[in-house]
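The first chain written gets the first letter, and so on, giving A, B and C; residue counts start at 1 in each chain.
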Amino acid sequence: MAALLQISSVSKHFGGFTALAEVSLAIGEGERFGLIGPNGSGKTTLINCVSGSLRNESGSIVFNGEEVSRLPAYVRTRRGIARSFQIPRPFRTMSVLENLLVPSAYVAHLKDVDAEAQARDILRRIGLADKADTPSSALSQVELRKLELARAMAARPKLLISDETMAGLSGAEVEEMLKILFALNEAGITIIMIEHIMQAVMRFSQRVVCLDAGRIICEGTPASIVQNPDVQKAYLGA
Amino acid sequence: MKYWASVAALLVLAVVVALAPTNDYFFYAAFVVLQFVVLATAWNILGGYAGYVNFGAGAFFAIGAYTAVVLFKSIGAPLAVQIVAGAAVSALLGFGVGLLTLRLRGIFFAIATVAVTFVLETMMINWRYVGGATGLQLVRPPVELFGTYTRMLFVVMAIVALAAVSVARYVQDSWIGRGLRAIRDSEEAAECSGVPTLKLKLFACTISGALMGAAGAPMPMYLAFIEPASSFSLNYSVSALAMPMIGGTAHWIGPVLGALLLATIQQVVTVTISGEINVLVIGVLLVVFVVAAPDGVLGLFKRWLRSSR
Amino acid sequence: MIFSLDLLTEALIFGVLLGCFYAAVSIGLSVSFGLLDVPNVAHPAVMVFGSYLTFVLTGYGLDPIVAGVLLMPAFFVLGVLIYRFYYESFEKRGSEAGVRGLAFFFGVAFIIEIGLILGFGVDQRSVQAAYIGSSWALGDYRIPYRMLVAFGVALVLTFGLTLYLARTFTGRAIKAVAQDEPALRLMGANPVRIKQWAFGIATGVSALAGAMLIIVSPVEPAMDRLYIGRTFCVVVLAGLGSMTGTLAAGLILGVSESIVLMFLGASWAPAVAFGLLLIALGVRPQGLFGR
């Protein structure tokens, strides 16, 4: 199975600080992939490099057979890479529905009527249908997280990166989000999940990678990762 | 359709007023007010819709004026050509400044516009052909339509104003406007939603510059004179910013309201108190509104509508 | 244009002195914009306001430097109030504040400029002192005393502030709040009060900078816009948040301006700052020492 996303020797520095050091990963089409690691290990930096918010200094990122590391973020979104933000960034002056109309227009190039229909469908699937016309500034935390996912979905992605979507949510809310992500994966979307909530990552992922200080320290099935001493050390400290 | 009917009606009204035996002073004042309508509307396309603040509207305005002068002096170009050329040159300026600084945070774009004002004013002061620091007198060509040159300028400016507002309305309601709003609300999220942020910002900056140039181009004919100090006046830069922020930046009506309101206040204060106090009043109103009524007069009106239901 | 080594050396010497002056004038902005990320385009206007107050105080017989130092506590309070107001009105309300914060400071700068025009007129004002007007003869070169005085004060100010930020508890708290506000909060410190204090210091320093400004050259109300270019040029070239970088960047600006002044004339010298700023933003936006 050819990798949908091939990350090879990607490095990123901020001044003297090395955020990513020669990270290499391959993610197959349709895979459910988990990315874990302590705070500051470089998880968000890695997905910023994949989505285009940041440029990697060296290495290559090949998505769907195309080298994307020199492409601006909006082009990558149009190629099929979508992401949610750790701290939700809704378009505050727009309603929930209007938030989805942005990627609909700019990625899917849908006309107004179709865009709205697609948006309402997504909102229904994600459980926000009754909030369609609410200003996005009035949403609760959970609803904002759902909006992040909904907006990513409106871009009709091949790859969806969920960045700590469940942080701070209650058990029931985590369940809700997991259900949505499973459903998206069933529909054919490859998903990379970044989470600190271990039980969510372990249940969801087929494969997990652990980052620490910008390097991959372990890769494997959820079961093997949990038992790995390096991973335990990374989280609990030396 | 209702919109275009109103535009046609206003145009007809302008022509009728210009042909009527109205007091000449009206046209002097109305020209200035219309000029500010264009400036405010133009500013809002980049500032209100996309959230990038231009501190140097005066530069774009003045370059429109100076382009007009150069064309008039060199080849005796008619007013329409002056305006188109003024718009084109200012558009180029907008594109250039945008290309240099719109990739960066908003504050650097704002400072770049200050820089541009400085550099261009210095250049005009040193350019003999357009009169340098002392300025240049211009002789208006004779006019058959409307009797006096000022009346004709009033109608011309009314056309430019209607065009500017129509452009703003189009941008606002189109998918471009949605993209700009996304940029304003969260540029990073917009980019990740497929919005080509740099291209859209450049587009808004260019259009904004063009309209400011179009506002400035008739100025030399209006005054029969041009000089750097008044063309690059800080008043234009502040008003271009204050009028939309006071009127309301979310909708194209906001800058129009702001311009009508403030230009009227300006006329009254200048005549009754002084020119400097007038400019101070604009500044104070700007700060008051930015702090207390961020959605401008439009926002206040909407809130009042909602509460009186 | 006669190019001679002598002229160049004189331009260099003058440039170094001028550069240190620019560094001192910008250091307040290094703190308020570089560290605290406040879009304080009114910084130069406040400084010019300080210049005019210095002018008024020298009318009572005070030496301008003394006047500047006396103004510092008052400006500190002013800075605290401005930051508090800015925080309550804008920063608290989140990202929406970007445009409004900027428009706010622009409005404030504008009000100060017009206020100064109303109070003092558009003409230039200058001060008298023993060291203004005469020069020190160093070999073939004449170095104006006032530049040396400004140079001295500038060095003291720059090093003083750098040491303060590096060595004292509050100083380090200020740098910490710039880097990681949530962590600071977790440690029990109140970020808002720290930022307030920092902004107060930045504004207090502007008072002395204003005194130096009017010593170095006559001032007029419109100078704030020119100094927006110079101060932001220095702060960006240095790298946001770098104090040591401020001195280096100031020197680069000072020398460049001095050379342009010498060989191209006075009308082009102000454009140097804006030009350097645009180049810095285009080529290396993180500055020379940026974080």
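Note that a residue touches a chain if its C-beta (ideal position, glycine included) is under 8 Å from a C-beta of that chain, and two chains touch if they have at least 3 such contacts.
Predicted, not measured: the structure shown is a model, and the values here were computed from it.
Novice: Averaging each chain's C-alpha atoms to get its centre, pick out the one most distant from subunit B.
Specialist: Using the mean of the C-alpha atoms as each chain's centre, the farthest one from subunit B is A.
Novice: Quick one: name the chains whose C-beta contact count is the highest of any pair.
Specialist: B-C
Novice: Need the CA-centroid distance for the pair subunit A / subunit B, whole Å please.
Specialist: Those two chain centres are 43 Å apart.
Novice: In whole angstrom, how far does the Cα centroid of subunit B sit from the Cα centroid of subunit C?
Specialist: Taking the average C-alpha coordinate of subunit B and of subunit C, the gap between them is 32 Å.
Novice: What are the residues of subunit A that contact at least two other chains?
Specialist: Answer for subunit A, listing residues that touch two or more other chains: 92.
Novice: For subunit B, which residues are shared contacts with two or more other chains?
Specialist: Residues 184, 186.
Novice: Pull out every residue in subunit C that's touching 2 or more other chains.
Specialist: Residue numbers touching two or more other chains: 95-96.
Novice: Show which residues of subunit B lie in contact with subunit C when the two form their complex.
Specialist: By the definition above, subunit B touches subunit C via 47, 51-53, 55, 100-101, 104, 106-108, 110-112, 114-115, 117-119, 122, 125-126, 184, 186, 234, 238, 241-242, 245, 249, 276-277, 279-280, 283-284, 286-287, 290-291, 294.
Novice: Would you tell me which residues of subunit B are touching subunit A in their complex?
Specialist: 175, 178-179, 181-182, 184-186, 188-198, 250
Novice: So in the complex, the part of subunit A that touches subunit B is made up of which residues?
Specialist: Spelled out, the residues of subunit A in touch with subunit B are 51-53, 72-75, 77-78, 82-83, 85, 89-94, 98, 101-103, 105-107, 151, 154-155.
Novice: Show me the residue ranges of subunit C that touch subunit B in the complex, using the header's touch definition.
Specialist: Listed in rising order, the residues of subunit C that touch subunit B are 33, 39, 41, 89, 95-96, 98-100, 102-104, 106-108, 110-111, 113-115, 117-118, 222, 225-226, 228-229, 232, 236, 267-268, 270-271, 274-275, 277-278, 281-282, 285.
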